[in-house]
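Presented sequentially are two complexes of chain A, the first with chain B as partner and the second with chain C.
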Partner chain A sequence: MLEAPVVIAVSLCYLGLLFAVAWWGDKRADQGKSIIANPTIYALSMAVYCTTWTFYGSVGRAAVSGIGFLPVYLGPTLVMALGWFLLLKMIRIVKANRITSIADFISSRYGKSHLLGGLVTIIAVVGIIPYIALQLKAVSSSVSLLLSYPDIVMPDRSATMSVAADMSFYIALILAAFTIVFGTRHLDATERHEGMVAAIALESGVKLVAFLAVGGFVTYGLYDGFGDIFEHITTNPELRHLATAIPSGAGYTGWFSLIVLSGMAVLFLPRQFQVAVVENVNEAHLKRAAWLFPLYLLLINIFVLPIALGGLLHFAGQGVDADTFVLTLPMSQRQEGLALLVFIGGLSAATGMVIVETIALSTMVCNDLVMPLLLRHKRMAIEEAKDLSGVLLSIRRGAIVLILLLGYLYFRLAGEAYALVAIGLISFSAVAQFAPAMIGGMYWRGGTRGGALAGLAAGFMVWAYTLLLPSFAKSGWLPDEFLTQGLFGIELLRPQQLFGLGGFDEISHCLFWSFLANIGAYVGVSLLRPPMVAEATQATVFVDALKNNGPVGAALWRGRAKVSDLQELVGRFLGPTRAQTLFVAYARRRGHADGVMLEADAQLVQFAESLLAGAIGSASARVMVASVAKEEPLSIEEVMHILDEASQLRTYSRELERKSRELTAATLELQEANERLQELDRVKDDIMSSVTHELRTPLTSIRAFSELLRDDPRMHLADRERFLGLIVSEAERLTRLINQTLDLAKIESGRADWNGCELDLKEVIEQSIAATSQLFREKGADVELDLPDNPPLILADRDRLIQVMLNLLSNAVKFLAPGSGRVRVALQRLADGLEVSVADNGPGIRAEDQQLIFEKFRQVGDTMTAKPAGTGLGLPISRRIVEHFGGKLWVESVPGEGATFRFTLPFAPVRETAVAVAEGA
Partner chain B sequence: MSKKILIADDEQNIVISIEFLLRREGFAVLVAGDGEEALAKVRAERPDLVLLDVMMPRMNGFDVCQALRADPDLSGTRILMLTAKGRDTEVSKGLGLGADGYMTKPFSTKELLAEVRKLLGM
Partner chain C sequence: MHRRVLAGDRLVAAFLIGCVLFNYPLLSLFDRHTQIFGIPLVFAYVFFAWAAVIAVMAWAVERRFK
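And now, the complex of A and B:
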């Protein structure tokens, strides 16, 4: 069943199916019911990364180097897992600026430069052509293999074969037709191709199924699973080298280069940029793609080694190319159906790549290469034409055909020189040159047009010299002397040992030198001068893409334009009807119900430019809009001012957020402060209430006695004298209370007067004892003294310390039992100060009261007898005085055994003059 | 038979002055220096009227008042609260606990006598 008509019919049917899917997808998109608005389809469309290079080539590489095929998939996996934010930023930028291709992206970033867009396009086309050739080669090989069935004959490509008889020529034409139908159906401002994406996703599914089928067949049909196949590695000496993971030495460099290259390829290959960025429907899809796409890569690689080993074992010594094992293994087992499925899988891999790549390239060629040239040289003719949309489509279609034909040409001329993998890597190295300008452009404001041009040109030239030309030489197009002798016979210029750098594989060698030149020139030239207006504007748009700003571009335009002019201009490229529809819809969105805008403001100009950008690229769009809109040039100062305003707005909003946070914090603090105040208020109330209570109590007695005396003039003399005495003592108590209350209030508020001086504590104690001796005598109490002579001086207020001592002594006396009381006063030297203790043999103080007595108006005592005289303020005042001079006052007591009040005072700080005088003496 | 009055206050001088005043008017006077003593004396001596200070050690006047009112045997005992804290809340608290009258210190001896007589129904 593998005769030519069957194979051709099946292929055409398959292409017909793709056609139907794409047609359906486009139709649904026109109805607004997108079928690709689905993260799985998005991830599958990214799998266009896997071309025939993967489908056939991985096995070929595995047959030579074991797991050496892996780095090309590790790179993308790492980028998706760790670098997805790069993709996200690219998607945001592309959507905000209606960018249509990677050339457009770079040209737009560096001030909408035609030159830059053209250079990127040329690099992309030159770099990708071999890659497209590779697909044609793979398809044509698979066809000829299949047609020689049941024999397995390696395709023999003789140069004498005529183009007309060459199947791959027709394949190229069919692919061109298919691409034209789906890639250039109409011009769209967004340049998205929903039908094509749907078809690509389907193709990714088909190639995966086909590869898994043949993998399963080899692993479990020909052999008994993975274990069985890997057995053979160890038993077969010829295969043993495949078991070593990575070849030592240069192998690691090679792995590293491949991982870097493929990681960049998955971002910057025109087709990857197309499906992952331009065709992205919803940036949330990126989330699933970040793991689904790597999973796809894993699945399609699982059976690579088993197939490679199976092929090597099965075809040992038969000269079968390992690149064909995927197809030849089923054929050798007479599995016709499976072989056909594999063929379709390979066809999927090839067509998917070719279609997307040529669409992307043709957009770039049209927008960034042909249009600028047309605009420059045929300006007049273009301005006369009413509707240029047809011209644009024709340019794209022509570009598609041209690219595929170039691919075919390369395949015819150079196809046999290299294995599939080598060709693919040449392309990867070419697109990797975009990396500095792309990544730098998204994160570094300082990059300039000149820098990007220099970097790209330098990188491209090094790439061409170290990789492309040698590949030509190896294909026999060029004399290969320059490879071995160096250019002009100068050894240092040998393309693959440039400046004597040896020991690298050719890819690592190229990557090293091209990146050195590229990054060096990009950064170096960029630093030569500050960015100009257009560059600074675009730098802000790109670098700040994730900051959710509105388009800055609109704010940076000032001038006059007529709505009709703009609409006519857009109509020339998109078709008048389409332009009319778009303008009316825009006016409605802006709040003009009748769909008519009278004045063209900056936003409308921006809108028109972005519409055009979708069709002819941002650089050309800018030129076209400038031709109808009279722009008043902005000076760099004005632009910086506007940009500053934008960044100031951001600063303001950050400021606002900060303020609001501070407000919240302040509110909290206020609440706390309020609670503290209320608490203080309660305390103050309590104190006031205590004070009034303490004042009212003596007043009560005074008033009562006074009234008794007044009302009874004949009162006994004894009573009279007794009452008058009580009145006097209560009045004294009142005075004391008022004095102490004021005193305490002064100390607490910090307004008390302190007269600090150096004093002898012993003297203070003796003075106090003398002052209270009368009290002791009255109670019949003894006073014992234990005072050392000449204690060190301390710094304090003499009167205040006497106040403390009097308080402690009179307290002690107060509670002594009459007749048997004893008070012992001691002065003791501590390490850093002095301690005074006043010990009595009174009733003592209960443990729970030992803190209370230091609170205001809290008196405790043996209340069976009477309330102790005093104000309840003496101890609190004493404690504050001691603390003021850096000491402590506390009580130790065992109830029933008396109480000991102690306080400490630190030594006076040594005064230098005093020391100096002492030393002098 | 003269009415019996208990003075419960921890301020000795106040007790002296009131005691002198009441004795001169012909009342039989008892004295207590704290709350617990006051409660015990009321139970033992059954005075007709208690002059009850609020701020007393051991048991304050409010608690004494509450304890007295909780005892049905003592329902005939009149209670006149004396306090140096003149705030309205104190007054209403005392009356709420069952005191029959309330006087704020310092008071006039005439008013005190008038209040005493009124409470004793004289």
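And now, the complex of A and C:
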């Protein structure tokens, strides 16, 4: 199953599958149905971070230094926690300025400088070449191992082997061809590759599955779980040194350096910048990716130690390279299918890295290195050409081939002296040099082009001297004396003990010196002079990227340009038809229905420049636009003035927004108040109509009796007194009625005064009974009391409660039969409150009347024969009072056996102090 | 707005916790030749701390606020 034709066929099928996925992804993107608009896909595409370094190299590293392979995954985890801020800002900047690469980012930030973009590109290409060599090394050794099956023969790599006979050369070519077909089929103004991202996400899935499969096989197939494998660490003295974080003696400094380095690499590696920033579809995806990507890293690393230990135990003394354990362990167990899966997993890891990295690098090489040179030296030729998009594509394709060939060259020169991880760390240290210019550029306005140039150049030179050149020396391509005795034999210049600094591992050593030089030069040179116009403008655009301001660029452009010139210019790089479509769409958006704009204003110029920036980089776009437009230079004072104005405008508009929000709130309040007023008005009308009717009854009788008295002067004295008595009592009733009506109106409208305080209900009841004792005596009725001592306090208004009690008591008395009446007043404790009951042995209330009595002006009883004895407002008022304090008032009655009025009131909310006082007492 | 600030602060806290957990001197406390459940202590510690930091990050961004 592992013969050459099968392996080749499976590999080609797999690459074909990737291609199909990419094609499908692009097609869906053109239809506007993106398949990568999903946080999980986004996180998986970030996992392009895991290359063959992770897939094969981690085990190799773990076999030498135990858990020392892990810091390069802890760094990214920590950085992802900050990704919410850092990556978000980068994404905003990139989208607002149509930035397509890290070189473009830095060049754009420091005044759209060609020189800076070129320098970043050179650093990136030189720095990444060892990394690409690493992939070639891993793939070619995995292929040759697989083809030697069933034997396990370490690949023999002598430097004298001819290129034509070297399989890695052909692998490099195949990868180049694949990448070209994959990534540079057409030119896109935004440099986004949805299909590629979909394929990368798939590859991340494949490599994870493959690694977990082999890990599971070693841990649970060859051995009996983690415990079984790790037992050998304690029993086998040769492995004992692996069970510590610092087995090599590099100390915790080396560990820390790797965390820092990998944290920066995950932000600034060109491929990470590509997938995490440029290819980001929706910035909300960052949230999920913030933990999903670290989780992926955790999963793919779980089995690294078991595989490393398994390999060390299994191949002890057989000279098998630990970097190949992932593949050789299944091979040695005759697990052909698993070995093939592992091979495909490794291929995924390598192709994913190579595709994204070389596409990102080729964009940089094209936009920031070749285009500026072409613009400078072949201005005429370019201005004559009508459509340059084909030229751009050719440049990119050439760059991809060149980068892979350079990777192959490094592999031939230095690949053998190092393990996979050591090669990768050289690249990590190179891209870390971008950190000061990138992070400084996003958060510090003072950084200048000169500072960035100086910092990058200094850091890059120190990196090359302390890490890259020594890698050549160790491979024998530079004299050994360079390492041991320093440059020109000067001891202080020994590249890995620079100025005599010892005690560090080579990575920490390089990190220290290069960062010292880089940050020192960046800050130092930046402080030499104030930022110039272009730098100050771009500093504002970058530093304030999260402040939601409109495009600053347009405000800072002054001059004249023709629409036709701009469109023609864009058409030269994107193709005339594309340009036509884009310009018409833009004009429509700006409100020109026919799609034709007559004048080129600052915003149109800005639009054209951003279109060009996507295709040829921001620095070149600036130059090209300047060539067709008549621009008036602005002085630094003018720029600062405009920026100030812009920020003032922002302040004003924020102020305006706040005011308008307040206004909306006020309108809402007014509306509510108005509704409330209308409701009150309705209540008032309601009461008035009933009241006028009710008032008429006593008034009528007062009037009738008064007229009788007036008209009949000869009336008997006894009659007179009876009539006068009636008039007085009716007048009293009238007063009561008016008082109670006012009272009820107050309660209903919510304007009543409530004096809530904690009170003892028993006291209230006793006080009310004392006040009504005269009534009871007159009727000859008995009052029975059932009141427990010290009932819990309730929260209510004393006077109002007395009013309720008086009402209930006087009601009870009213209906008692003279002489034999009995009223029982009881206080009872419930689960959450107190219940008061007033029971009488009067005639009772019919079931159908039990609700009516609580309505306003409703009195039950035979109104035809008996004169109404009350106002009809006492019970409604009482019910409202009780309800106000959170209780209920109702009646229970069986006609003929009396009625029982009950109301409940909840306990006062327990207060710590009250409880403490009560317990203390 | 408020919710976003809180989630952001939690992520920064996760970052700081991770920085402390993954480095000297806390790391050195666990860097000794002992086993826990048959696994060398430092292996178990690093993986556990790593998983914990990821869990905090997931909690910070995924939690729905009430």
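As a working rule, the second predicted complex is superposed on the first by the 645 of 921 C-alpha atoms of A that agree within 3 Å, B and C clash if a C-alpha of one lies under 4 Å from a C-alpha of the other, contacts with A are read in each partner's own complex, and residues count from 1 in each chain.
Quick note on the criterion: contacts are C-beta pairs under 8 Å (C-beta built on N, C-alpha and C of every residue); 3 or more make two chains touch, one makes a residue touch a chain.
All values derive from a computational prediction rather than experimental measurement.
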Go through the superposed model and pick first if A:D711 touches only chain B, second if only chain C, both, or neither. first
Considering only touches as defined above, state whether A:M80 meets chain B (first), chain C (second), both or neither. second
Which partner does A:F19 contact after superposing on A: first (chain B), second (chain C), both, neither? neither
Looking at A:I259 after the superposition, I want to know if it touches chain B, chain C, both of them or none. Which is it: first, second, both, neither? second
For A:F512, is the partner it touches chain B (first), chain C (second), both, or none of the two (neither)? neither
Which of the two partners, first being chain B and second being chain C, lies in contact with A:I702: first, second, both, or neither? first
Chosen between chain B and chain C, the partner touching more chain A residues is C
Applying the document's definition of touch, where does A:W444 land relative to chain B and chain C: first, second, both, or neither? neither
Under the contact definition given at the top, report the residues of chain A touching chain B in one complex and chain C in the other. none
In their complex, what parts of chain B are in touch with chain A? 10-14, 16-18, 20-21, 24, 33-34, 55, 57-58, 84-87, 104-110
Please give the residue numbers of chain A that touch chain B in the complex, ascending. 689, 692-694, 696-705, 707-708, 711-712, 719, 723, 726, 730, 863-867
In the complex, the residues of chain C that touch chain A are 7-8, 11-12, 14-15, 18-19, 22-24, 27-28, 31-33, 35, 37-43, 46-47, 50-51, 53-54, 57-58, 61-62
Any idea which chain A residues touch chain C in the complex? 66-67, 70-71, 74, 77-78, 80-82, 84-85, 226-228, 230-231, 233-234, 240, 243-246, 252, 255-256, 259, 287-288, 290-291, 294-295, 298, 302, 305
